[in-house]
Amino acid sequence: MSRFGTLFRVTTYGESHCKSVGCIVDGCPPGLPLVESDIQKQLNRRRPGQSNLTTPRDEKDQVTIQSGTEFGVTLGTPIGLSVPNQDQRPHDYTETDFYPRPSHADWTYLLKYGVKASSGGGRASARETIGRVAAGTIAEKYLHMAYGVEIVAFVSSVSSVKMPFLESDDEDLFSDDFMQLLNTVTRDDVDQHIVRCPDKDVSERMRERILEAKSKSDSVGGTITCVVRNVPPGLGEPCFDKLEAMLAHGMLSLPSTKGFEIGSGFRGTTLFGHQHNDPWVMGTNGKLGTKTNRSGGIQGGITNGEHIYFRVAFKPPATISQPQKTATYDGTDGVLAARGRHDPCVLPRAVPIVEAMASLVLMDAVLIQQARHTATKLLPPITTLPPTMLGALTKLDKNEQVDG
Amino acid sequence: MSRFGTLFRVTTYGESHCKSVGCIVDGCPPGLPLVESDIQKQLNRRRPGQSNLTTPRDEKDQVTIQSGTEFGVTLGTPIGLSVPNQDQRPHDYTETDFYPRPSHADWTYLLKYGVKASSGGGRASARETIGRVAAGTIAEKYLHMAYGVEIVAFVSSVSSVKMPFLESDDEDLFSDDFMQLLNTVTRDDVDQHIVRCPDKDVSERMRERILEAKSKSDSVGGTITCVVRNVPPGLGEPCFDKLEAMLAHGMLSLPSTKGFEIGSGFRGTTLFGHQHNDPWVMGTNGKLGTKTNRSGGIQGGITNGEHIYFRVAFKPPATISQPQKTATYDGTDGVLAARGRHDPCVLPRAVPIVEAMASLVLMDAVLIQQARHTATKLLPPITTLPPTMLGALTKLDKNEQVDG
Amino acid sequence: MSRFGTLFRVTTYGESHCKSVGCIVDGCPPGLPLVESDIQKQLNRRRPGQSNLTTPRDEKDQVTIQSGTEFGVTLGTPIGLSVPNQDQRPHDYTETDFYPRPSHADWTYLLKYGVKASSGGGRASARETIGRVAAGTIAEKYLHMAYGVEIVAFVSSVSSVKMPFLESDDEDLFSDDFMQLLNTVTRDDVDQHIVRCPDKDVSERMRERILEAKSKSDSVGGTITCVVRNVPPGLGEPCFDKLEAMLAHGMLSLPSTKGFEIGSGFRGTTLFGHQHNDPWVMGTNGKLGTKTNRSGGIQGGITNGEHIYFRVAFKPPATISQPQKTATYDGTDGVLAARGRHDPCVLPRAVPIVEAMASLVLMDAVLIQQARHTATKLLPPITTLPPTMLGALTKLDKNEQVDG
Amino acid sequence: MSRFGTLFRVTTYGESHCKSVGCIVDGCPPGLPLVESDIQKQLNRRRPGQSNLTTPRDEKDQVTIQSGTEFGVTLGTPIGLSVPNQDQRPHDYTETDFYPRPSHADWTYLLKYGVKASSGGGRASARETIGRVAAGTIAEKYLHMAYGVEIVAFVSSVSSVKMPFLESDDEDLFSDDFMQLLNTVTRDDVDQHIVRCPDKDVSERMRERILEAKSKSDSVGGTITCVVRNVPPGLGEPCFDKLEAMLAHGMLSLPSTKGFEIGSGFRGTTLFGHQHNDPWVMGTNGKLGTKTNRSGGIQGGITNGEHIYFRVAFKPPATISQPQKTATYDGTDGVLAARGRHDPCVLPRAVPIVEAMASLVLMDAVLIQQARHTATKLLPPITTLPPTMLGALTKLDKNEQVDG
């Protein structure tokens, strides 16, 4: 369904050519300062027409807060957000009336619903992500104000052009350089290059690869890496809703995604246990931490306070204007050359979408854990455990908890 | 939480050393033939002690149906399933009272809950998956009886030992051999080798790699590939609950998983759009299908009727008896050599767990789509669309639908 | 939260003085003919200013479909609905800045959220029900097209003025007249009198009672009775989501409600079992039915195909302009005479709200049961039961099922 | 479905004659002292065979905690609870193989599921409530330890025998005596009379009425009133999940219930607004309270800290051994005299069930509000509101909040 979250619950609506797209955010904590420009910032990073790497369609994507705030503060009631569609044109004859686009959702929407929107991608359009990005900025603002959470995503590969940390062999999967990048990379770093890769040289090669595809009316895929810093410990709900499971769910719900990995990911499967384990060390701040971070900040489905980092695979966009041999709806072989202005590569615009989706996952996990931790704090201390276990419990006080 | 699914809803319970583990399956269709041996089969494939590759702990894991069936048929009411724990010993002094195990859930459970089970993995133990496997077999039985669905998972890599299709370079990502394997592989093929890889030579090398790790008191990870055949079209709920998102959620909720990819996955990100797209062709059965299947059977979050296939990454198990430098709960540096009998590699036993989790995801999607399709069939035919769109609709009748 | 339903899922948004109010309807069956006038009809019955019995505020409440339909047909995607607020005035000084209104939500919203909307009722305003009514009309249209369901609510009492069936003593709780009324009453009957009671004489006395209250700047409560005809059998999800439980949930979530009873209700508690039981009889249509209907169409939480009927209690509106002794926020005793134009009686306008809420409950139950029934139909017939039980099963075919 | 709650989530299982009945409680706060005797206490009040007023079936209903606790403390993980069924007999020939019982669930279960349990009530049996009572005691223990919440239910009427407060006319709906009763009544008071009415004379007359029905192989209904004291303010989730809506949902999900009213309820609909409103007064404890309590402790769907009180209607039990004219499954008219030992009145045993269900509703609301309140406390104070509104906010500090 078009809903995500248990306590911080987002419901989105809207097709590519209907009157508006948007969402309702239900369960936002009251008292959060919130104005439209807070939300617009990430919508601007998401919208088309930012450079010659993306679709030249010019969509302003201006958000209006319909409800849920007053005097610039959230009321705790549902926040209605809407963005008018610029293009609400009536149905135009197109070749895609006859051809389901290869690897697109035209045919599967028909199979599922028995009917589909006539123009563009309908609900499978990337415009659907506007509601997520809008909602995500609200979640992120809370996370930042309450915990100092920082979420930064960047393009780590385009086609076969990769950042150095993805080229390393097994011996060197988690280089100091990569760890340093995770510690320090900012959105400003990322936005310095239109391709949204923080590495100057690599981003230049990525740009060339995208333009090459564009010149051939073709498309390219790639990967986005995302890091989350200052994560409160204790987030994630075993067993089915482990935090990495919720992140995987969120990321694979983004259009065009084909894979997700957290921490050591697929490449970590080649290590031995003694190489992969993250030993515990006492930090200078008096808190237990891990010396390495192959776990990606999550153990047993629960955050340990270290950085979360993960990578998402995006396939090359399905809609290309290069002619393709394929069949019509009634099975006749033919050639389709899709008209319209399409993204040769979605990666640069997907960066804020990944950040938004990560925010939604974390925000919901935070609220659920706040409930648990507050509930427990109202009970008397535990005394009936064996002494060695009680010993472990006493160490908890020195570690931050989700309720401050 | 410990619940998965909307209409086919599984709730699991149980720690490694409590009285029993199990689950409640709520929402199972009534009238399904079901006896304990249906469930026991996959529990036997999951249980320890099957070979020298896994933990020598001997757990019988005998399931009892507590409710929800009569005369061998489901009643549509909740099905209670329980498996007694053989080992319900009282807490024993162990080194892990002082040391949180590196990359295990000891410390994060304490951070989250303020208390944790004293022995073994508690709720983070792999015994938690018993409830899922039991529930999954019920889902799978329904899917097979109603649609002929076949779900087969196998170990595709252990450490750096990989099946050939994972060694291929970009040009050859989806070889005919691999596609043929997906078409034909059976559980019998998989179970011919104790490592549960259907390739004889590779499985021998995998076995050696695992025994090498075991001999060093170390552990190894790997990947499992899973294929689902005869999938009804139209499954998956855009936007947030796309079928691949639900699969990713399910798989990343399994213990020790670090990654998920569907269809072309991470490797497909290096292809150009014209290489990656799956052209439509009319099948000999009169139905539209795709010529290739880089999509992995899902487009726009919805199944298209082609095989679903995906791959899951499992890290090397965290608990090793090799000595590790790490800190105690109170931050003192030391050396931990975990006692006990642990799996050097979880992959062979994880095969039925992956199959079960895939079954749970598909079953829930089937029920939701059955509701939608039945609801629509009670309405009069659509007539108000433009002629070309109505044309596309008429093709639907020749394609199978979820309600038979 | 502001969400209702599992498969037919409504999320509402909006305060009394924000930009707009509305909802997202997620899970509507595709292929349903739907235009704005379908929705507007019930919004018009709900809006203020229809007579001198209700608030003279003139709110047009014009709905716009933002998404989810094309060419007058639902797409199966989320339907965004919005109604602009006419009154979006900035905060004005009022006495209610200092006084929490007695029996209103001013103080409890502050206790819950730590902040509240400055003007009017905020989210606790009756304007919140616009989203429900809009969503309910969609549900109702489906139920009517697919099953011929008819839902008619009417005002059965205002203050101590009651329809005859509520005056009867124990011997005559379920008179033929009442049963006849349930069989035949239509919305046209109900709308013939501005108070929306189908009994001419009683409605005149109700009107007088309301005007009497109005003349004293006071308010009155009452009850609404609702009947649902042509209900498919098998609706309702034991154990926690019995159909009467969902109806009670829905009705008690309406502003100002204090009670709910179904079928024989509170008065039926005085009967003996042999009086209260509804005997089975074979109908002329070849289907089993009940001779009487004290059950209100639901047994064991599941519909039996007879009429559902229930009654809802509404308290007198809290906001009255008659001076009331009460305390300010800081506890100082004083006198509050609320300004503004308020309903002396909400009953007439609540009639379409009750109908909408009933529609939402039934629609969700229908979809869930359609899933179950379709799922079961794909399985082979049950054969393993004892012969007498198999005998009972064969009678099912003659009875309608939810999937037509 | 068989699940209740969002954060404190109970799933029950079990029919009348399967191996066991029970539940899983997911989301219980960790660190709560919990042993089986905590749960057994209310199960004993619920079980049959306590007096000659209820069924003479002797069911021991001994609960076992399967998981989720260690050393007498909850771990925060799912708590599995099971109670073996004494009576697991195979199917016996009975008349109810041929006759669906009037006003029972035999026929509706068949309509819904296409199959039903052969013996007794199956899932519609009162044995299903064992899981709820067990879960409710855990919720109640938390609520009592954390907030001092007291929940006391009692039988307020049996057939036409009523406690005095139900006999009063409009002028005197909320007498001092009744309010005093709500302030002081305890479970010990209630249990002094086997009928579980705290009024000695009335309970004697109730007992006679029940025995009269029993002697005629008939049955009687009645009402249960329940009061909840020391309720934290701020509970309840507008708009759809107002606290009274959740209570109504919970209560109408209990077997045999036909009505629910909160605070002034149905009788309050005859009052004028100026009589019904609860004026605010400053309490001696420095907190705002209401002078009267027609609201029943809830305003706008949110608790205000005053006592919650509500009343639930139970119909006479459907299964009576008096001969009844009714039809068989195949529509033949006949006479059914149900065999077996049935309750002539469920009210005395329903008292702990009502208490349990109220506990489940409150507990879930508490956890959700704890999340919200904690979330907000981590934000800086609100400063942007107009001065008069900021004034109201400052009063909040003197009132208790859900997070202590």
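Letters A, B, C and D mark the chains as written, and numbering starts fresh at 1 in each.
Assume a contact is a pair of C-beta atoms (placed from the backbone, for glycine too) under 8 Å apart; a residue touches a chain by one contact, two chains touch by 3 or more.
Keep in mind that what you see is a predicted model, and the values were worked out from it rather than measured.
Farthest from subunit C in terms of Cα centroid separation is B. Chain pairs C-D and B-C differ in how many C-beta pairs are in contact, and the one with more is C-D.
In terms of their C-alpha centroids, the spacing between subunit B and subunit D amounts to 39 Å. Centroids built from CA atoms put subunit D at 23 Å from subunit C. Between the CA-based centres of subunit B and subunit C the separation comes to 43 Å, rounded to the whole angstrom. For subunit A, the set of residues that touch two or more other chains comprises 1-3, 12, 27, 30-31, 70-71, 73, 76-77, 91, 112-116, 118, 123, 238, 372-373, 376, 382, 385-386. On subunit A, the positions that touch subunit D within their shared complex are 6-7, 27, 29-33, 70-73, 76-77, 142, 145-147, 238, 366-368, 370-380, 382, 384-386, 402-404.
By the touch rule above, subunit A contacts subunit C in their complex via residues 1-3, 9, 11-15, 18-24, 26-27, 30-31, 64-68, 70-71, 73-80, 82, 91, 112-118, 122-123.
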